[in-house]
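Take a look at the structures below.
Paired with chain B in one complex and with chain C in the other, chain A is shared by the two complexes that follow.
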Partner chain A sequence: MRGIALCLAAVMRTKLAEQMAYRSHFALSVLLLVIGDLVVPFVTLLVYNAGASFPGWTLHEALLVQAVFTLAKGIAFPFFFGMVGTTLSQVREGTFDLLLLRPRPVMMMAILTGFDPDDFGRLISGSVLFGVALSGLSIPSGFAWLQFVLLFIASIAILCAVSLFLSGMLFRWVGSSRVFDIFDAVTRFGMYPGTIYSKSVQNLLTYVLPVGLIAFVPATALLGRSGWGTLWALLPAAGILLLGGLFWNRMLRGYTSAGG
Partner chain B sequence: MTGLLKGRDVRVKPMIEVRNLTKTYMTHERGHTLREVAKNLFHRPMKEVKAVHDLSFTVQQGEMLAFLGPNGAGKSTTLKMLTGVLHPTSGEVRALGLVPWKQRRQYVGRIGAVFGQKSQLLWDIPPADAFYMNKAIYGVGDREYKQTLDELVSLLEVGDVMRKPTRQLSLGERMKCEFIMAMLHRPELVFLDEPTIGLDMIAKENIRGFIRSMNSQGVTFILTTHDLDDVEMLAERVMVINHGAIVVDDSLSGLRGRLGEKKSVRLTTETAVTGEGLPGLSIVERIGPLEIAVEVDTALLPLKRFIREFNESYGIIDMSIEQLPIEAVMKELYTEGLSFVSSAREPEVIKR
Partner chain C sequence: MVISRISAVIRAIGFATYKEWAAFRSHMAASLLVGPVLFLVQVFIWQAMYDGRETLNGLSYAQMLSYFGVATLIHYISFDFADWNLQMLVRSGKFVTFALRPLPHWLFALAQKLGHRSLALYVEVLPVMLLFIFVFGVNMKPAAPCPAILSILLSFLMNFLVNYCVGLTAFWLVRAEGVRRVFLLLKDVSAGVFIPLSFFPDILQKILFFLPFQFITYLPTRVYIGHYELAGMELTLGQAVGLQAAAVAVMAALTLALYSAALRRFTGVGV
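Here is the complex of A and B:
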């Protein structure tokens, strides 16, 4: 276990050094990610200023959903999502071989090599937005915070599972760079309060594509709008994460390398 | 210099045993016309490719074995199965007492690999950082790491180099650092895939010297290359693979012997050589009006007779006699392998 911890620390340190080799690129990437992530909340602000609203949601409540969404991405993207991009290029070029030559679990090595500190920019924008949203709300109770923390972990687990599914697909459908578009298209629904959708879409986004669990469910818990029953979401999140891991390992078996 | 394998049992014992190793995979083919490209979007005819077919061989500890063969012969696929990167379709491999693709983590911790065309270094940061990362990945202790790194750095003379960003290094310097990456955890078995590709003569000689030095300390090397100088200067044993099958498994001198007692002769004569005329003589190249390169099969035409008759006919001004270059041997084997496999489907295997 200590060996794995040392390995994690060393690889992350190296990846950080790699990213910071070009300081201007690093700074610009972080800045652009912050700006990009604040576009939707800015549009939401304009909508509310124009007198419109998401029915049943105040501006700060709506911003809280978007803040939780951005925070979840701010953790999932630097730590897990980079593996989708690295799998895409490494499988296509055959350099994934090098990961298989390391005496560590392949999935761990794939996640580590995809570690992308640029994406911490999302964590900055998420934190700013979270602060702004909370400033307009009454202070949540301890119970609400506890629920929120647990559901936020579930949210990260779902994003990790999604990255495993997308990365795993790339062992079979080599070079399918559109997997990022699939992710964006599906998760975009999660940036808005779930109740604005029809009941059937809400069910779809909760039970079939668990996009609602990424931000809407944790934010609802923090707003004190749900009871202990909401914690049922932890189970499907764990299940999806497990499925993601199994799927990834299954797809890895189909890795064929590239010509020598 | 302390041996990298100091303290280990380096008695000769089978290190790799390969039996009936076969790898087939499915691929699709299409033409290059727009019509064929469009048709391929809807219908993709699949084709089974036998990359490796029924390979069987053993490798002893401390050996230096070269896999040779034309492009697409199955060398790299074999190497990937031996390193545990690819699962075979059928057959068995036991290397270091383990099955590479089943006990991958345990196995790869004891082997090293250098790929001439796939870098393990990180482009934007100095090799020293990448070495440190590998230390953690392989779980090498601080003291052992420092000792090994010092030895390798001094042997390869990269003390200053390893602190510069990798992108600023020459290809030769990068390749030296690739070797350090592969050797830091003191592997017993090292796979080299075209390790000298693109290097200049001096860099090649440095790398070859390093490999020889490691081999003398008991490290087993398996090498694939198209550079026949690598083979001449490194390999004790050569395995020629063509169409996924072993065509020849022999020593380098044994390989040369396959072409008989042939010599390569370069001559400058007083008058132009008009034709071959003599049995056992073939003209390889007309270098100039009075300069010629020929091949002499001394079994049919003894050198003494060749020189006498040639001198009488054309007047020898200058002459050099050499062993037939390894390229000529390989060319013959590759061609022979191609025709053999396509006609008989069963490769000729020359056992050592």
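Here is the complex of A and C:
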């Protein structure tokens, strides 16, 4: 554990130093992420201002779902999601071999080298949005907060699993940057209240492709709309994380490097 | 004579790009998953929003789906990465080889785009269009085919010109990727990719009316559907396409001026 912490600290120092070489670019990237994350809430605001709404959801409740989604990305992206980009480029260039030679587990090294400080910008937009959403709601109970924290951990676990799946795919589907588009498309379902989907789609988004667990389920818990039964959602989250790890290792075995 | 030589050059570059990208068909074919999935989300969102109401900001549910369906196809047709490409060439120094050629780089980039998007027509545009029509039941029939086609062609050019101007910032900035990404995001918001511009507050609509971005997505989509309205101004389809053509001409002049200023600034090994 101490070794992992030391590695992470070393990577964070290096990446931050790298970003500081292009400070204006770093600032703009953070700004971009803040603006980018606020686009969907902005669209939601425009639609509510036009007099429409998601049935059964006030503006602040709908924004809460989007805030939780952004917050989850704000934690998962800097720490896990960068591995998708690094796998994409390193497998294509053939430099992924260097990770195989290091005296640490390959998955850990792939995650560590993907560390991306830019993505902390999402924490800013998520926190601002979270504050705005909560300002229009009654204060959640302690029980709701406890449920929320547990489900939020599940949410991050799901995003970590998705990173593993996408990164694993890139050992076979070499150099395809479209995995980012696929991620955006599939997780888009998780940015809106789950009740707008049909029952079958809701079940699909909870138990099969659990993107509903990224934001909708934790937000529902915080709103006090669910009981302890919701914590069953932790199981699919743990399951998909385990599957993600197995998938990644399986795909790694198929990595052929430049020599075939 | 000059025109036939230029068109031969464009055809040759376009065809080479077409063949190059045909080797990466699966990259483009990912749109067959991405486009319909994103559209499915829109279907659910607007189904919920239209619950108990006939119209929203003057658009019916069917028109709203058509808007997003057509906007998606226009996005695929006019998709462009001239900005990224140009910035990469400038940053890596590879632009030197283009500075020495007897062909302006903007024309080369336009020819590349023509080849790239020709491939997209049958790998992305047509299959996604068929999915929209037969799976989602979206009305994809243009209200008036001639203005719609003309407007999409102008949108193709406008997107190229705007992106190329963004790419030209690389001649002034050391690392322009951040600027590029911020600008492109704002461009998409201002073009009506995420929501029709008629949903924006009046003051923003008035500003957006005079910016070039609406001519990339919003205007061609509304022309395709058959009714254009923004900032309280209603135009006939002919007027709308005429306005778009004028905006493209202004943008082209601006791009050429910026391009020559950029070339004067360019320094490279041996240049």
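What we mean here is this: the second predicted complex is superposed on the first by the 258 of 260 C-alpha atoms of A that agree within 3 Å, B and C clash if a C-alpha of one lies under 4 Å from a C-alpha of the other, contacts with A are read in each partner's own complex, and residues count from 1 in each chain.
By our rule, a residue touches a chain if its C-beta (ideal position, glycine included) is under 8 Å from a C-beta of that chain, and two chains touch if they have at least 3 such contacts.
Just so we're clear, the structure is a prediction, and the values are computed from it rather than from any experiment.
**Q** Identify whether chain B and chain C fit side by side or clash on chain A in the overlaid structures.
**A** In the arrangement built by aligning on chain A, the partners chain C and chain B fit side by side.
**Q** Can A:L204 be said to touch chain B (first), chain C (second), both, or neither?
**A** Once the two structures are laid over each other on A, A:L204 reaches no partner at all.
**Q** Looking at the overlay, does A:L6 come into contact with chain B only (first), chain C only (second), both, or neither?
**A** A:L6 sits against chain B, while chain C stays out of touch.
**Q** Look at A:A238 in the shared chain and tell me whether it touches chain B only, chain C only, both, or neither; answer first, second, both or neither.
**A** neither
**Q** I'd like to know which partner A:I182 touches here: chain B for first, chain C for second, both or neither.
**A** second
**Q** Applying the touch criterion given at the start, work out whether A:Y22 contacts chain B, chain C, both or neither, answering first, second, both or neither.
**A** both
**Q** So which one touches more of the residues on chain A, chain B or chain C?
**A** Of the two chains, more chain A residues are contacted by C.
**Q** Between chain B (first) and chain C (second), which, if any, makes contact with A:L100: first, second, both or neither?
**A** first
**Q** Contacts for A:W173 in the overlay, against chain B (first) and chain C (second): which applies, first, second, both or neither?
**A** Only chain C is touched by A:W173; chain B is not.
**Q** In the superposed model, how near does chain B get to chain C, counting Cα atoms only, in Å?
**A** 6
**Q** Based on the A-chain superposition described above, do chain B and chain C contact any of the same residues on chain A, and if so which?
**A** The answer is residues 22 of chain A.
**Q** Can you list the residues on chain B that touch chain A in the complex?
**A** So the residues of chain B in touch with chain A come to 25, 72, 75-77, 79-80, 83-87, 104-106, 108-109, 111, 113, 115, 118, 120, 122, 124-125, 129-130, 132-133, 135-139, 165, 193, 224.
**Q** Contact residues on chain A for chain B in the complex?
**A** 3, 6-7, 9-11, 13-14, 17-18, 21-22, 94-95, 97-98, 100-105, 109, 253, 255-257, 259-260
**Q** Going by the contact rule set out above, which residues of chain C touch chain A in the complex?
**A** 26-27, 30-31, 33-34, 37-38, 41, 44-45, 47-51, 53, 56-57, 174-175, 177-179, 181-182, 185-186, 189, 194-195, 199-201
**Q** Taking the complex as given, what residues does chain A use to touch chain C?
**A** 22, 24-29, 31-32, 35-36, 39-40, 42-43, 46-47, 49-55, 173, 176-178, 181-182, 184-186, 188-189, 192, 196-198, 201
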